[in-house]
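Heads up, there are several structures right after this.
In the two assemblies presented below, subunit A is common to both, partnered first by subunit B and then by subunit C.
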Partner chain A sequence: MLRYLSRKAAIYLLTFFVAVTIDWAIPRFMPGDPIEGLLSRMHAQPGSEQALSGYYSQAFGFDVPLWQQYLNFWAALFRGDLGVSITNFPTPVSELIMSALPYTLALLLPAILLSFWAGNKVGALAARRKVLDNTVLPASYVLTATPQMWLGIVLAWLFASTWAIFPVSGAYGLDIQPAWSLEFALSFLYHWILPFSALFLVAFGGWAIGMRNMIIYELESDYSNYLAALGAPSKLVRKYAYRNALLPQITGLALALGAVVAGAIVVEIVFSYPGLGTLTLSAIQNRDYFLIQGIFLFLITGVLIANFVIDIAYVVIDPRTRIGMQGS
Partner chain B sequence: MSSRRARGVGALVVLAALAALAALTAGGAGAGAQTLAALPRSQTLYMSGNQWSPNNDLNPAKNWDYVTGLVGFAYETPFRYDPLKDKFIPWLATGGGWTSKSAYTMAIRSGVKWSDGQPMTAKDVAYSYNLLKSPTHPQHPLFADTGLKSIKASGNKVVFTFSGTPAFQEFDNYRFNVAVVPQHIFKSYSTTDITTGNLSNPKKIVGTGPYLYQSGVGASSNTVVWKKNPNWWATSALGLKVGPQYVVDIKNGTNAAALSNLLAGNIDLFNNFAPKSAIKGRFKTYFGSTPYHLGANTTWLFPNTTKKPLNDPKFRRALADSINIGQIIDKSYQGLVNKASPTGLLPIWSKWIDKKAVAQNGFSYNPTKAKAALAAAGYKDTNGDGYVENKDGSAIDLSIVVPNGWSDWMTAIQVISDSAKQVGIKITPAYPDYATLVDDRGHGRFDLLLGNDRQMSNTPWTYYQYIYNLPIADNQTTMNYQRYTDQTAFALTQKLNRTPSTNTKAYQAILTSLQKRFLQTLPAIPLWYNGMWSMVNTQYWTGWPSSSANQYTPSSWRNYFQMTSIDMFTHLRPAKAD
Partner chain C sequence: MSVTEPPQRVAVSGEAVAGPAHPATAAVVEPGAPVAPQIHSEFLHFALRNWKFVVGASVVLGCLVVALVGPLLTDHTPLEFTGPTDQPPSSEYWFGTTSYGQDVYSQFVHGLRAAFLVGGLGGGIAWVLGASVGFTAGYRGGWIDDILNMLTNVVLVIPTLAILIIVAAYLEIQSYSAEAVIIGLTSWPWAARAVRSQTFSLKTREFVDLARLSGRSTRQILTTELAPNMSSYLLMMFILLFGGAILIGASLDFLGLGPSESISLGLMMNNSFLASALLLGSWWWFLPPGLGIVALVGGLYVMNVGLDEVFNPKLRET
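This part shows the complex of A and B:
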């Protein structure tokens, strides 16, 4: 067990190191100098331009060689310092991320968990019922092949623009501010439904197809036939098939996390939802090195931790892994 | 088993939602303390079009970034400037004038109070201007460029002392563009905070203006809410009253989202570009017919004058004659903009335009003339590919760039490319992203590009500085993108800056020389006047600015508040009585 975990941990640490290095390097090799962009946006006059340029270079640590910038970056990282935003100078990157994070989590967590739960349930049902199989399966194929962003645009067009049932953008009403009140919660929910649906539906399709196929496979396996031959009720057979079919789905969940996060980013942009996605877009558009770095670092860490947790969960859920490890 | 798991998932989702909600309210910068009811629609004005950056910059010095309304609603300026009537409006100052060749004296209004009850005095005004002394203050050029030496308060007066001939035009600009801030609050900030910080504590917004900060400051906030200041000095002093009880400024999201909010009637004042088909009949604009909007700035075509053949004024001239501006106006703007004067000067400066010079040297769309001019200057199609070559026979293959996503400009440069082709000039449009374009523009890595950085102001000097400023640095971040060296024109520009506009004769003479020189050499090609986009919804508010009544700037853009946008708010009244 310990060996398994430490091996996993080592792999994750290595991945983290490589990912962080790439994360540091990419914005620096993009064309465009962020400070020049800043000076241009502020319409700096000749009288103040030089002083400002020098001040900002120093403030962002661009006045030292690249290798030193890289070391400084790691040093700051261990202090939990993600640097200062360039466009929104001098707001710390961590502050911008933390203020956007709740919105992204409010979309992501329910979308991941509910789609996994509902997709697997419906997929398992579909494997047993012809009617469902003929309706849910094709619908799921369409859904899972749909980019979340495109589905978001379609939903916005239909439900917000054409029929005006839901609002087209934002996370809460224009006439309200975040507060502990029923009014705010309702407004928040009302604005949440469309972007959530865009994420939920696409993921739902994937899980439903996977589960449907796995259940059919499991029901045709030897243990199912044996159980059935022993006279076990079909409900019991299905229950065992479901448990076995769930294992590859959990592995799939770990793999899908990255895609869901990426999907959330673009869906947020479609709905001007003030989460990490919208923040990422504005950071990239403005060459905000530190903000881009900070967000990616945050996402990388989040996805790695989630994967690690799933790895551990796998040991708990699948008795074979546990026994295999005890045996070794 | 499965129902137990279902309950588990349900509980997780509820927990996640609760955690998100808790974090939201905690992050809402003190909003948690006040449970805010939704704002009454009939007393609230919703506006959008200015704010792109996060709603958390409360520094009045950062006039490209601060939260919409910070200067104008909260902080005010000594003067305002009415660009449509070319008139300074005494505001926190009751007046001012040159008391000697090198001293300007401002008389400060008495009886004005900060929103915390303290009196606003001449000392606050002098303090606010003296903050600009720091070299990293964005408005430091007041000290660096105008000859200003010292600012002192005495009694209810503030005296600005200069050495040498003052830069009158530039100084005038600072008379209505420096926010007066409370010394008793700002003295607790460090210099770095004041020059480059965000001063992000909304409790410290202590201003003199018509609105008080209500809520919404925060990095992920979409809206900022302002509430009417019942003790605004201008009510008793000038009989002015702002109409809306609340003003909500909405941060821009995607174009589609903004437009659909407008069409749904959620926005009363919309200061983004919107196509004519979307607004016609539903929303009011400043003019009832074409061009519908005031011209806010000139869109220029900048040639890189360090490159062949764009360094040749004859070639630039032929290029200018080749551009079918009418088609741009029809195709990109459906008639929502007007063609610019060949001098590039805005309509508000039309009284300074030398009509004779324009008649003699102005350009206009004329492909035949352009072709002939190219041939006469030695640009011929020697290899028969339909495009002219350089005088030395090398190929001319120019590119023209605008930022990706600026759809009206993207269509415009396609028209420019097409019409240049008609006369045999090869120009290929390209759309790099904004940051790349800024970088290339600064370092002269371009052939042709569009720019419209300078807004309307109190003086055409800001335009000539934009075109002619010298010396040319490695990185030209804000002006003379075309890297054009004309010492004579630059000297004239500096002379213009140092001539008071009250000296009409000398002022006009310099402007005439500049216009003549500009038209003869065309260091930049003025194309059209970009509009002060403003679509208003009359369902909830009436009394909007228009060309026939209430001639004020109908804009929520930064730096327009201290022109006459504030007058818009004092003339608005509810459409229906409650």
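This part shows the complex of A and C:
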């Protein structure tokens, strides 16, 4: 088990190393002079260009040899120094990311966990049940094929713009400040429902389809037929099928993380939700390159950690991996 | 040739995994489909009786026809600011106009073309990469497999959109082909994993041993023995990659990182959103691009389930 986990950890460390290297290399090895490119797109006021150019070449550390630039980049990273945001000068990038992070997590974690739970339950119910299957399956396919931002736009249009049941944007009312109070919590929840639903529904469809197919597959297998032949009630057979079908779904959860994070980014933008997605958009629009690079590193680190947590969960859930991994 | 081999149990240990965000459609395919001359007629026989395949394929075909013929039916170009602004659908402007006086219908049909380009080219590149990496890793084994597997795992964990954001931010994307290439280069890993585990299970079968004993070259074995036995699998993989590339491309365009000189469905959503079409209630502007994507990608996915049932009798409804 330890060997299994340490092998996984090695892959994740390697991935982190590659990601940091990409993050470092892209501004340096893209065609053209990055600083010139930056300035030409920033529409800076005449006269300020000289100062900006000097600032950038110092900030990127272009004045030392490449290998030293690379080492400096790592050193800065370990100090938690991701550079300084241009748009919110002189706020450090790490500070901006940290203040946006709670909102993104508040959307992502419930959306991932609840859609996984509900999608699997509904998918398992639908398998091999004609009426339910013929309604749940097409609906699920439409949902997984829906771009999250568009579902967000439609929900906002229907429930916020047309019927005015929910607020159209923001994470809390304009009249209150974030605080640990009931009033804030209620306002937060009220603003949270629509963006959450957009993320939840799309992910839900994927899990329902996956579970439905896996259950059908499990119900075909020998142990299911044997149980049924022994006269076990179909409810019991399905229970065992569900447990076995859940395992590939958990592996799928790790694979789907990237897609859910991408979904959260675009959905946040639709609702002007003050998380990492909205931060990404403003960074892109303002050509705030350090911020973009910081968010990139942060997203990847988050996904890597989540992957590792899922790996541990997998070992806990499936006893076969524990024994198998010790043996080989 | 054996057709009754049980389907491979994929994803038992968390190591052998098949399937992306839509895990199961690809996860339960039988690797050994019959490779006989009558396959086409037999395939057609079951395909045309499978409503999922028929419905999905018709929707996709319908989208293709709209994308090909649609632009010819209108005199308006997608980007010129000539018409009246914010008009609901009318006989002159079939899908209405944008806040800038652009024709939404023309934008939609051109956007659909871009979606096919990004899906076909991006999905195609990912398909070629995934299949070659998977075949090589699975067939060769040993240290080649170790290296390719590590590469696959590394690219697999990095969120595609995150890497696309940083690439697109520095390298301004000029065309949809360029966007498709970047998407293709980053979305192949799950396909490689799936092909690898399928190849693993196929290469120990007798007919492959026989081919090896009779002195066939590795390339011949791959193309004449392994690939035909996985053709159904490879076809479905391409369809999933096609749909996935369209969705990723739409997100990228929605973020404003795609080509800005032409139009796509994602860019339409971006434009309508930035122009507050939501608050103005200009539904004719922001509904069509999403509906187009849902129809096209949903059609592809439903077609895929249909194909799955056609190729794998166990999945057919009883």
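Observations on the model:
Quick note on the criterion: the second predicted complex is superposed on the first by the 280 of 328 C-alpha atoms of A that agree within 3 Å, B and C clash if a C-alpha of one lies under 4 Å from a C-alpha of the other, contacts with A are read in each partner's own complex, and residues count from 1 in each chain.
Just so we're on the same page, contacts are C-beta pairs under 8 Å (C-beta built on N, C-alpha and C of every residue); 3 or more make two chains touch, one makes a residue touch a chain.
None of the values given here were measured: they were computed from a predicted structure.
By the touch criterion stated above, A:P274 is placed in contact with subunit B alone, subunit C being left untouched. In the superposed pair of complexes, A:S94 makes contact with neither subunit B nor subunit C.
In the superposition on chain A, contact is made by A:M149 with subunit C only, not with subunit B. Contacts of A:Q69 after superposition: neither subunit B nor subunit C is touched. Look at A:Y103: by the touch rule set out above, it reaches subunit B but stays clear of subunit C.
Of the two partner chains placed by the overlay, subunit B and subunit C both lie in contact with A:S161.
When the two structures are aligned on the shared chain, A:S57 is found in touch with neither subunit B nor subunit C. Contacts of A:E183 after superposition: subunit B is touched, whereas subunit C is not reached.
Once chain A of one complex is fitted onto chain A of the other, the partner contacts of A:G258 are limited to subunit C, with no touch recorded for subunit B. Common to the subunit B and subunit C interfaces on subunit A are residues 31, 34, 37, 156, 161, 168, 269-270, 285, 287. The touching residues of subunit C, when paired with subunit A in their complex, are 7, 10-14, 17, 19-25, 27-28, 150, 153-154, 156-163, 165-167, 169-171, 190, 243, 247-248, 250-251, 254-257, 266, 269, 272-273, 278-279, 281, 283, 286-287, 289-290, 293-294, 296-298, 300-302, 305, 314-315, 317.
Of all residues in subunit A, those touching subunit B in their complex are 31-34, 36-37, 39-49, 51-52, 55-56, 59, 87-91, 95-96, 98-103, 105-106, 109-110, 113-114, 117, 121, 156, 160-161, 164, 168-181, 183-185, 188, 239, 242, 269-272, 274-275, 278-279, 282, 285-287. Subunit B contributes residues 1-2, 5-6, 9, 12-13, 16-17, 19-21, 23-25, 27-28, 31-32, 34-39, 41, 44, 46, 52-54, 56-57, 62-65, 135-141, 143-145, 196-198, 200, 215-216, 218-223, 225, 248, 250, 253-254, 256-257, 260-261, 264, 266, 433-436, 438-439, 442, 453, 469, 473, 475, 477-478 to its touches with subunit A in the complex.
The residues of subunit A lying in touch with subunit C in their complex are 11-12, 14-15, 18-19, 22-23, 26-27, 30-31, 34, 37, 130, 133, 137-138, 141-142, 144-151, 153-154, 156-157, 161-162, 168, 206, 209-214, 216-217, 220, 247-252, 255-259, 261-263, 265-266, 269-270, 280-281, 284-285, 287, 289, 292-293, 295-296, 299-300, 303-304, 307, 311, 314, 318, 320-321, 324.
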